[in-house]
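Pasting the structures here.
What follows is subunit A paired twice: with subunit B in the first complex and subunit C in the second.
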Partner chain A sequence: MKLSLAGSRSALRRIFSDKLAARSFLLAASLPLLLLLLMAAALLFRTLPIFQFVSPWEFLTGDLWRPSQGEFGLSTFISGTLWVTLLALILAVPPCIFASIFLVEYARRGTLRGILPAIDLLAGIPSVVYGVWGLLVVVPLVPRLGQFLRGVFGDLPFLTSSNPTGFSILAGGIVLAVMISPIIVSITVEVLRTVPQGVREAALAVGATRWQAIKHAVLPNALPGIIAAAVMGLSRAFGETLAVMMVVGNTPAIPRSVFDPGYPLTALIANNYGEMMSIPRYDAALMGAALLLLVVVIIFNVLSAMVLARLGQEVSS
Partner chain B sequence: MSMQKRWWRRAHLEESLFGVLMRLSAVVLVLALAGILGSVLVRGLPAMSWDMITKAPEGGFYLGGGGGLLNAILGSLYLAGGGTVLAFLVSLPIALGLNVYAPSSRWATFTRLTLDVLWGVPSLVYGAFGFLIMISMGMRASLGAGILVVSLLQIPIMVRGMDEVMRLIPSGQKEAAFGLGATKLEMARAVVLRQSLPGIFTAVLLAFGRGIGDAASVLFTAGFTDRIPTSLAGPAASLPLAVFFQLSSPFPEVRARGYAAALILTVLILIVSGLSRALARRLSRNVVN
Partner chain C sequence: MDSHISIKDLNVYYGANQALKSVDLEIPRNQITAIIGPSGCGKSTLLKTLNRFHDLVDNTRVEGEVKFDDIDIYAPDVDVTEVRTKIGLIAQRPYLLPMSIFDNVAFGLRIHDMTNRREVKGHVEKYLKLAGLWDEVKDRLTQPATSLSIGQQQRLCLARGLAVEPEVLLGDEPTSALDPISAKNIEGSLKELKSQYTIVIVTHVLRQARRLADYVVFMYLGELVEAGPASKVLSSPKDPRTKAYLSGEM
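Right after this comes the complex of A and B.
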């Protein structure tokens, strides 16, 4: 009798603690959503006052930014962010895919095993260190590259500039491209390795060359993963602050060429947060810029999740 | 016959063209990445001295005077360490909730998407959010506020890392525990925690690394000071900001210290990364396959 009572009491305690854990763990699992909503709400709440002053459309497309005179147009900074991010993606994604294919499909196992830890390690290097490298190596090289291109091709659209320094969109793009490449390579390698060996063998068996097998059999299977890798790189490049600020020039004018300086949104916020409380509505405008970054990141991720879900279905069917 | 020949020639051409492209890409990538470590080492080493890592800045440090970077080194360790502890306390229940109590539900899928979004949110936005919370509570830039924001930034990194290893645990092992009459909580402790321990450590150290290297989030919230931080309510310096501020100086001696700070930061990251690899290998002895 005593024994069974003790037994049932301990059983009750076990069930009780399990129920308690279930409640608290599920509660914890709702924290990420809560954090995201809170972040969006706080930024939106601080941004709203600016819209009594300029319309949302003017705020996004206006090209005058004179806070002390109450003029707030973000388009210069939006274009700075777009230029730098696009350039980084163009410079990073194709070489990273090629390098990953080489590592997985062509290189010896030992090479891959030696290089992968180094790539993972480089993904962990702080962005400010990439900025230091940009300042030391990329910025001095950029004007020479510009002169060389001009000497060979003459004046070209997007490539001709009167900027005598190397602080430019191109420098920012190169630094970001190198910064995101370890992430892209590490994910792409992982994805390529999960493509079943049979897929390659089937293509080779019908007479495909190695590259043809990769192009027609391996890459279509790996496409969703490669897109995911590119989106991760994109988010990192898009929101990077210090590394870009160090090399991009921070001149508020819409760039006409990759050799022109630019002024991305992140740099705008980081450079001016110190004085934003002293000029009316300046804080609302800067928080609006931060909100814009948040909204764009949310849109990217939801879109890529939708694309991945669709592609995943197609590949598996 | 000639069509076949042409086909072969094209295939060969394509094969060798892409072969060259791939090798070139790999070489360029490796060179660029080696160049980063190389340039930080070459410029940072000459400016390194014992003082750099044992002393806080003394008078006229930013004009080339004496002292070192201990304020930033300790500040960064406190910020990342405190943030990691806080983030761990929140992240482990989230990961367990996703994998033990709500596996393969729509809610879990949605939460994972939310975590992906949070992973991609720029650290500057975390900083701006932290700044808003801080001023609405009447706080000033401080070590405590910095730790809070860093922990928010680390949570998605940590949860994703833990989640990834917990999802790989074979369901047979979980069912075996249930078969012995274990509750979900007991199963979580006996199977999920033990099997994913190496992965949990890796996730924690990864988040620590992100925390120590992040600048944009602490720029708003932790401030910067030449003193070694002694209280949660006072401001704290950090290494990435020390790099940034000193590199914008017109004095070459001060810029050289910026390179030294970058070198210290890089070495810290390398240590954390090596530690995580060694720990993961050691702990994986406890894992049953």
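Right after this comes the complex of A and C.
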């Protein structure tokens, strides 16, 4: 058959519009990445002035934060963030793994189908709601827990504090643990479901119990994915601001105990952005804190995305 | 006939679907029984009732009696892990445990409380030899099992199944994922093993049934149509449906 339209005007127009469509979709798709780069560049640009004043090392490790006197050290805030995040992970990861194992390996399919949407719903609750819940429920409980622990065990490292209120990194950790649980459970459930049924059956067929099959056949296969799920939770916890800010006490001192108050980086930025323009270099210091958060969260996300992608490839091959 | 497994009035339901309809069958001891029939006829379903793999799937109901020697394996006081130890299964594809070659075989021994290292080692060697894999892997036992070829992997799965010393071996199309040479190796092993084990395989390859089977079971649409010595069923079937299947008309 002859290509009667070749070279004609309408053919050229169609080829052109096809190319145009492809280009514009590419542009739309690369927009998020572009925005991220722009954001990082802007933060970096606004941070740089602080380094004429303090060295990057001093900025990260100094423990004095007196903007009016020109002292900018982030270490108390970094340690506040690390404490709260670590605590949230310790509290959230083991129960989430057990819950996921139950849902995938033991529960009936119907149970899983009923519970997964509820878990996704939990992930969508605004963080201020979690914050209020923390304020009303968790904060009052924390001092009682502290008294109880002291009554039973006496003075223990990391568990003894002179803080009379419940505003503490423990309260922050508990609220955060609840907030990051949905993402950890939903990723872990997905990961466990990618383990082929034949692998379970291989263990069961030689007389293993369900738990033995899970422990020796399923979990080793799923481990990288479970770690990635925990890292996803970690980066979520790292960046969470409002709910933590409401319960953590916001006292700029390095915590010595889980019952001490703390002051995470995110809370620092949120509490002070209003006055940052009135003090020289204050804005640059806060931008530096934001840049630090951004970089750490990007690193965590990229790492876990890489692990999950590789896991997906292995399963499909 | 000396029957090792005896099935009476077996019905299996997947939800509302009835997959097996009132099956009665005697499986002879120390012979190879081949279950044949077109896709979806209930071959695999029948096989999976024998090691209680239907327990793993929601909404599956098994009714009837499956007696292994004199024990009803579906009786409430029977330990299912013991059933699966006595009645082993070789799957369609080699599914490896995420561990070394050695540990894949030793896994079953260890979960059944064999702790003496020398004993475990002896068993692993014995069953790798029985599965015809020992010479190929004896110098690389600590390597991950995934480093083996797929044919070797299936023989490793055979060794893993044999190591817990079952009395019955089930094979769910155990050669269908393999190349012809690996398939021949597995078939050779099964032939050698039948003096010590009762073997039941599902196969959709008629020629394989002819090569291997002493006893043949033909299934169609969830019903057991005909069962008997291979020479009889394969060469002079009684039922018209069996005839049609054997002549390739089905």
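We take it that the second predicted complex is superposed on the first by the 288 of 317 C-alpha atoms of A that agree within 3 Å, B and C clash if a C-alpha of one lies under 4 Å from a C-alpha of the other, contacts with A are read in each partner's own complex, and residues count from 1 in each chain.
Methods note: a residue touches a chain if its C-beta (ideal position, glycine included) is under 8 Å from a C-beta of that chain, and two chains touch if they have at least 3 such contacts.
Everything numeric in this text was worked out from a predicted model, so none of it was measured.
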| item | value |
| --- | --- |
| Comparison of subunit B and subunit C by subunit A residues contacted | B |
| Touched partner set for A:Leu121, first subunit B, second subunit C, both or neither | first |
| Partner chain in contact with A:Val129 - subunit B first, subunit C second, else both or neither | first |
| Partner chain in contact with A:Pro220 - subunit B first, subunit C second, else both or neither | second |
| Partner chain(s) touched by A:Thr209 [first = subunit B, second = subunit C, both, neither] | both |
| Partner chain in contact with A:Met232 - subunit B first, subunit C second, else both or neither | first |
| Partner chain in contact with A:Ile183 - subunit B first, subunit C second, else both or neither | neither |
| Contacts of A:Val139 with subunit B and subunit C, given as first, second, both or neither | neither |
| Touching partner for A:Val244 - first (subunit B), second (subunit C), both, neither | neither |
| First, second, both or neither for A:Leu170, with subunit B first and subunit C second | neither |
| Contact residues common to both interfaces of subunit A (with subunit B and with subunit C) | 209, 212 |
| Contact set on subunit C toward subunit A in their complex | 51, 53, 56, 58, 81-82, 84-85, 88-89, 91, 93, 95-99, 107-108, 111-112, 157, 160-161, 163-164 |
| Contacting residues of subunit A [partner subunit C, same complex] | 108-110, 196, 198-209, 212, 216-217, 220-221 |
| Parts of subunit A lying in touch with subunit B, wherever the complex brings them together | 14-15, 17-18, 21-22, 24-33, 35-36, 38-39, 42-43, 46, 94-96, 98-99, 101-103, 106-107, 115, 117-122, 124-133, 135-137, 178, 181-182, 185, 209-212, 231-232, 235-236, 238-242, 245-246, 266, 269-270, 273, 286-287, 290, 293-294, 297-298, 300-302, 305 |
| Subunit B residues touching subunit A - in the complex, by the definition given at the top | 11-12, 14-15, 18-19, 21-26, 28-30, 32-33, 35-36, 39-40, 43, 90, 93-94, 96-98, 100-102, 107-108, 110-111, 113-126, 128-129, 131-133, 152, 155-156, 159, 183-186, 188, 206, 209-210, 212-216, 219-220, 240, 243-244, 247, 258-259, 262, 265-266, 269-270, 272-273, 277 |
